[in-house]
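Next up: the structures, one after another.
First chain A sits with chain B, and in the next complex the same chain sits with chain C.
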Partner chain A sequence: MLAYTLKRLVQGVITVWFIATATFIAMHNVPGDPLSNDKAVSPEIRKNLEEKYGLDKPVMEQYLIYMGNMLEGDFGISFTQQNRRVNDIIREHFPVSAILGILAIVFAALGGILWGALTALYRNKLPDVIIMFLVILGISVPSFVFAALGQLTLVNVNALLGFTLLPVAGWGSVGHMIVPSLVLGLGTMAFLTRLMRSSMLEVVTSDYVRTARSKGLPPTRIFLKHQLRNAVLPVITVLGPSIAAITTGGFVVELVFAIPGLGRYFVQAVQQLDYTVIMGTTVFYGAFLVFMVILVDLIYGWVDPRVRLE
Partner chain B sequence: MSEVITDSGDSFTRSAGRQLLLLGLLGVAGFALLMLVLGWLSGLTGSSSGSADAVDAATGTITLSLSGEPPQLDSTRMTDQVSGHVMGHIMEGLLRYDAQNRLVPGVAERWEITPEDAIFHLRDNARWSDGSAVTAADFVFSWRRTVTPSTASEYAFIMFPIKNAEAISNGKLHPDQLGVRAVDPRTLEVTFERPVSYFDKLMAFSTYLPIREAFFNSRNGRYGADAEDLLYNGPFTMTRWVHGAHIRFEKNELYWDKDRIRLNVIDMPYITSDSNAVLNLFKDGKIAVAGLDAETLDNALEQRWHLNRFNDGSVFFLEFNHRPERLTHNLNLRKALQLVTDPGELVFKVMKLPGNLPGESLFPVWLRGVDGPFRQEYPAPQHRVDFDAARRHLELAKQELGLAEMPALVMLTGDNPISNKQSEYFQNVFKKTLGIDVKIDKQIFKQRLAKMTSGQFDMVMAGWGPDFDDPLTFGDLFSSWNANNRGRYNNPELDRQVRIAQASLDPKTRMDAFAEIQRIIYEDAVILTHYERGVVYVRDPRLQGVVRRAVGTDPDYTNASIVDS
Partner chain C sequence: MTEASFNVSDFEPVSGAREVQRISRPSLSYWQDAWIRLKANRRALISLYIVIGLLSFTLLGPLLWTVDPAAQDLDQVSQPPGADRGATIVGPFQPWEGATANAQVSGQEGAPAEIRLAEPATTQAVRLLWDPVLDAAGYRVYRNVFPAEEGRALGLPLAEILSPDRVSFEDRLDLEARTYYYSVVALDPIGEEFPDFTSLPVKVIRVITAEQAVERGLAKPGALKPGDQVQLKLHPFGTDYLGRDLLARLMFGAQVSLFIGIVAPMLFVLAGILFGSTAGFLGGRTDQAMMRFADFVVALPFLLFMILFKIAFGIGPGESGILPMLLALVLLSWPATARLVRGQILQIRQEGYISASQLLGAKTYYLVLRHMIPNTMGVILVTLTFAVPSAIFTEAFLSFIGMGVAPPIPSWGSMCNEGIKTMLSHPHELIFPAVFISITVLAFNLLGDGLRDALDARMRSTE
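Our next item is the complex of A and B:
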């Protein structure tokens, strides 16, 4: 178990290094100039800017300097937020994205498991038809539509009530979190529902469930221990990547609900070619994703005794 | 798969259903608990914000949203509009603009400007937020820092009227040799590189703000990075800056003219560029002002709100690529395209956002001339759409270029709804009237800039916003030496007029030169002007005295007050 974990961690570090290198190469080959702005600057001022950001050095040297700093945990200073360190940007904004992401993923996982089990239980009956229709909607409608709709609904509800039931946008209290996290988790929940449903249907027809039933076990035990527990495995498998996807994919929701999450900085950095922020956020998110996948694998071994981690 | 479990199915389903319900309830309870915990956690780290009303007369508080976060608030390096807006409330330069957009005393109580130099007399009651006096040395430090090469200020050029500024910026002289001197703590002396007729107007520009040296040095390179990394001398101080989330101004009790300021708090707990979100906040009564775009305008009209309009001073146009190897180097081709362009149709039938004005000239309507508005004293050349003349010019162009058919032209444009609409409209017009194919090349910001700079286009959707309150901020745009002249237009006669306007101190001579530039730009079809940008916004009727302006702090709430309705 320990050896396995260590092995996976070493693999993870190599993956992150690869991500960093690939991003660095891609970033320097994207057309466009990180120092350009609406108003052109004279060659002399441009030279000053290049020196300041170390862009006057050969790319290979820049790469080595960058990797060296990264090993020391220093992502450098943002090009656009000129006095802020990328470390500070991540430290201040990732917790916000994480809180939003945790809520969204918990909501999505709970909902997905429950609805999935329910639809499997009432297969081809009315609840199944209704929920599966909603699931199709949830999967096909992009999150910015849900975000806009969710906010509009809030405005209308508040107007109807005559007082602020839930704030329309902003961040800082429980009230601010509810709608954005639901909106953010909706797509994943729909996806997990479908996954859970098919997995549940497979389990229901399996030999061990039939055996359990013929042994005359109480329905509670069959349902919880034999069906749910086994059916939930595929859901756990995709949970790791889902967490990363939700935490990084909050850009639109953050924009619409004026939430100071990292997603905004991540996307804006790419648009503005803010080299240090692109590198910092990509490496950070990359490491986060790798870590989540390893974590899920470990949890998997714990939930499913058939899997032995070696 | 067959229905395997039907035998005892019903009772099993009921039992399982009950368990699911129970699990569901547990899940909801757990989710709620988790939310409470996280809510408490985020309250510890972030801002607890955004439930106050838009306007609160009792406390003198207004709540607003910001379209973006200021990248940083070091005046020597700032370039963007949001920073300018924030700085205009928390800092004050030697001069400032009043509610009628007149230049009035700021830190300087009086000043004398001659062709060679300027002397500013600072008032004795101008204070920093730590209580110390604002002195001439604070200006000297800040201005020297702007032109120091290692500062890498993008706006260093705005200091170039000062003696030696350009040479220092290019690393040829030491920053100490900048032509600015603190004669005594309350007297600032500026020596000019060349005579400048608009130097007083520059004094209200944010790059010319003062910085206290001792405080700057105490911040270890973090000056302007956070609320506590700044000293304030303006009408407000910034008491809170949670990055990406929340900015709060409170009335500065040390401000020398504090009796003029009637708002106590300006709170900005929402930072988003999403126009729908902004409108929703306004609808919900949470913010006092909301900007509208084409998308949200209809929604606002349905609410029967009073719309406010204002021209933000910038001009948008189609810029041709004048490099000799390009087809658009040919005057007859440009003329043909000019003669089928109808800015009125673009503004009223295509863009349909009230506030935009059809573009008639590179010089927008708000610029001042000798005595009155420049455009009244020197009207823009008459433009008339003429399809027949356009076709004649096109034929001539084909002959000159030796082409039987005009190849497709590349139109470079930004990737946003406005540019999309515009470029598709012109693609259609050029095809229908002249049979010219236009290939639209949509690029995001930096990529578009890169292509503009390297000249990979025939025409590009471009625009220009003013830096200071003088026609020269537009007038020198197409001079051959201007790095922003990305179409590389090169005309010695236009250059000559720009030099006259730069060097002369006589208003009439200068305005005549600008009129010549206006004429050349039209007759040579250097650009095809499209529109002067309008801004449409809704405002809570209880908030009065908001000043909008093309140059300087915009929007300006320093003169605003709350009226009880």
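Our next item is the complex of A and C:
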């Protein structure tokens, strides 16, 4: 177990190093450079700026400085937002994204497990048919369409009621969080419902459930202790990819709902070619996702003793 | 004990023997069987028809509906489908003098007593006149699309008139055929607004000049005179915020979205087959190394790398950005198929029929062509079908955040991105591309389910 954990961590570090290097190479391949924008800059100012950001040094030296700074956890200063350190941007805005993402994943997991179990219990009856139809819809509609529809519904509901039930955009109160996190979790919830349903159907016909039933255990106990607990296990395996889906889905939801999360800053930085912010947030997101997947795998091995980690 | 004796006749076949076993139905090949199963699955069959319909919409549509997707119809901007297309012919635009009045002689206090139209309001010009206000040093004219009375919702300030005598204004700013609410507020000498304002609802009718009608191919020269009615160009799905035909844009957007959605999976599945079958066939240390590499690529955060790739091979002027996206998709997506194919190959190598074939002297290429590939084809086809919706999703996501196909080339994702900005006032600009993405993804998902049930006995779902 320890050896496996160490091996995965080393692999993770190598992956993150590759991400950082690829980001550096990508940034240096971009046509144009961060200092050329619409304002004309005199050669002297340009030279000073290049010195300030270290752009006048040879590429290899820039790479070493960049890697050295990154090891110290310093991502540099933003090009477009003057005097703002990338570390500060991440520190201020990642918590917002994290709250949104955690709410979304809790919502998706609870909803997915509940609906999935329900459809399996009512297999081929009306609730199953209705929920599975919604699930197919949930898998087929892109997150930005959900976000737009969620916002549109909110506007209409508020107009219908004559007062603001929930704010349409922005961030700050609990009311701001509800609809964006629901919208963000929908796709994952649909996916988890489907997975939970097939896993539940497998469990329902298993021997130990039949044994439990023949022993005369109460149905609720069988459902909770024997069926649900065992059926939930495969759901944990896809939590890693789900976290990735919700993280990137967050870019869009934050954009549509004007939420000051890191995703929105990342997309903005990409559009404005803010080099240091792109590099910093990409490496940060990359490391976050890589280690999340490792964490989920370790948790799975811990929860399900049948899985041999090696 | 008697010795057994046999005659020749004992070795003749028994006549009228009962047939113990007989193949009662025609024997079916794998693909015939799969096709019968697929035909029995109504959802999959409908999805197949939808996919065929989408492909013909994309490929044949532009031949039937030959409107240029980049052409702007400025008479009909952001029109929903089925909107009124009538327009009245008017003469060419004539300059207008306006009107003046002496406020100190005829003015009244507070706000203008009344706003009037100097002539019927048209999309060519709205000409307003109002009664002067006592002590006013000037006026400010506002326009809104909602009534202004509630909460002083004056709307867009159109003009500031810094002369007490001028009591007229001509509005020619992006007029559409709808009702506007004009408001006029008097200004004091330091430019502060008076507290009161006067408002006038104006219903604007759509007009074009005879020359414009000829220019746009709506009529022959000389055929129209002012006062005639013409029908503007038909846009079955309406127009977008620049007056471009949505149906034509949806067709061309489909070409981009479906091209990426179908070609990219084909390429990366092919790459995956080559990689996976090589690894599975060679086995040993080479296999280990190749699969370690595949694991490494899988661990990379997919969309982050798509965005990085996009930035690195950024779009120069005149480029569409389709090729970099295609390349990035192929480079990042092949490992899933490679793993699958390798697993299949390893499994098939163990099968008895492979050993039998080898014993009978079959060469490697025969084994691969006759046994390995046909037996993995089903799984590969299912993977391919499921890869299409995810590629379409990726394209739509990237185009939505502005990292996909470069304008003016439309894709469904970038159309959604444009549509979301005018979602509240013109929802059709978002709804049409969103519905097309959803239906396409839905159809491929259901078709994939059907194909999986039909082709792969082991993956058959528990329904």
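Basically, the second predicted complex is superposed on the first by the 271 of 310 C-alpha atoms of A that agree within 3 Å, B and C clash if a C-alpha of one lies under 4 Å from a C-alpha of the other, contacts with A are read in each partner's own complex, and residues count from 1 in each chain.
Going forward, a contact is a pair of C-beta atoms (placed from the backbone, for glycine too) under 8 Å apart; a residue touches a chain by one contact, two chains touch by 3 or more.
Fair warning: this is a prediction, and the values are worked out from it, not measured in the lab.
The superposition on chain A brings chain B into a clash with chain C.
When the two structures are aligned on the shared chain, A:Asn83 is found in touch with chain B, with no touch to chain C. Once chain A of one complex is fitted onto chain A of the other, the partner contacts of A:Val290 are limited to chain C, with no touch recorded for chain B.
Residue contacts after overlaying the shared chain place A:Gln11 against chain C, while chain B stays out of touching range. By the document's definition of touching, of the two partners only chain C reaches A:Val141; chain B does not. Within the superposed three-chain model, A:Gly68 lies out of touch with both chain B and chain C [touch as defined at top]. Of the two partner chains, chain B is the only one that A:Leu118 touches; chain C does not reach it. Between chain B and chain C, it is B that contacts the larger number of residues in chain A. Look at A:Ile99: by the touch rule set out above, it reaches chain B but stays clear of chain C. Chain A residues 30-31, 148, 151-152, 155, 201, 255-256, 271, 273 lie at the interface with chain B in one structure and with chain C in the other. In the complex of the two chains, the chain B residues touching chain A come out as 1-2, 4-5, 8, 11-13, 15-17, 19-20, 23-24, 27, 30-31, 34-36, 38-39, 41-43, 45-51, 65, 69, 71-72, 74, 77, 79, 149-154, 156-157, 169-171, 221-225, 229, 242-246, 269-274, 276-277, 280-281, 283-284, 286, 444-447, 449-451, 453, 465, 482-484, 486. Residues of chain C touching chain A in their complex: 296, 299-305, 307-309, 311-314, 316, 389, 393, 396-397, 400-403, 413, 416-417, 420, 423-424, 427, 430, 434, 437-439, 441-442, 445-446, 461-462.
Of all residues in chain A, those touching chain B in their complex are 30-34, 36-42, 44-45, 48-49, 51-52, 80-84, 89, 92-93, 95-96, 99, 102-103, 106-107, 110-111, 114, 117-118, 121-122, 148, 151-152, 154-155, 158-159, 164, 167-178, 181, 201, 204-205, 210, 213, 219-220, 222-224, 227, 255-261, 264-265, 271-273.
Residues of chain A touching chain C in their complex: 11-12, 14-15, 18-19, 22-23, 25-27, 29-31, 136-137, 139-145, 148, 151-152, 155, 198, 201-202, 244, 248, 251-252, 255-256, 267, 270-271, 273, 278, 282, 285-286, 289-290, 293.
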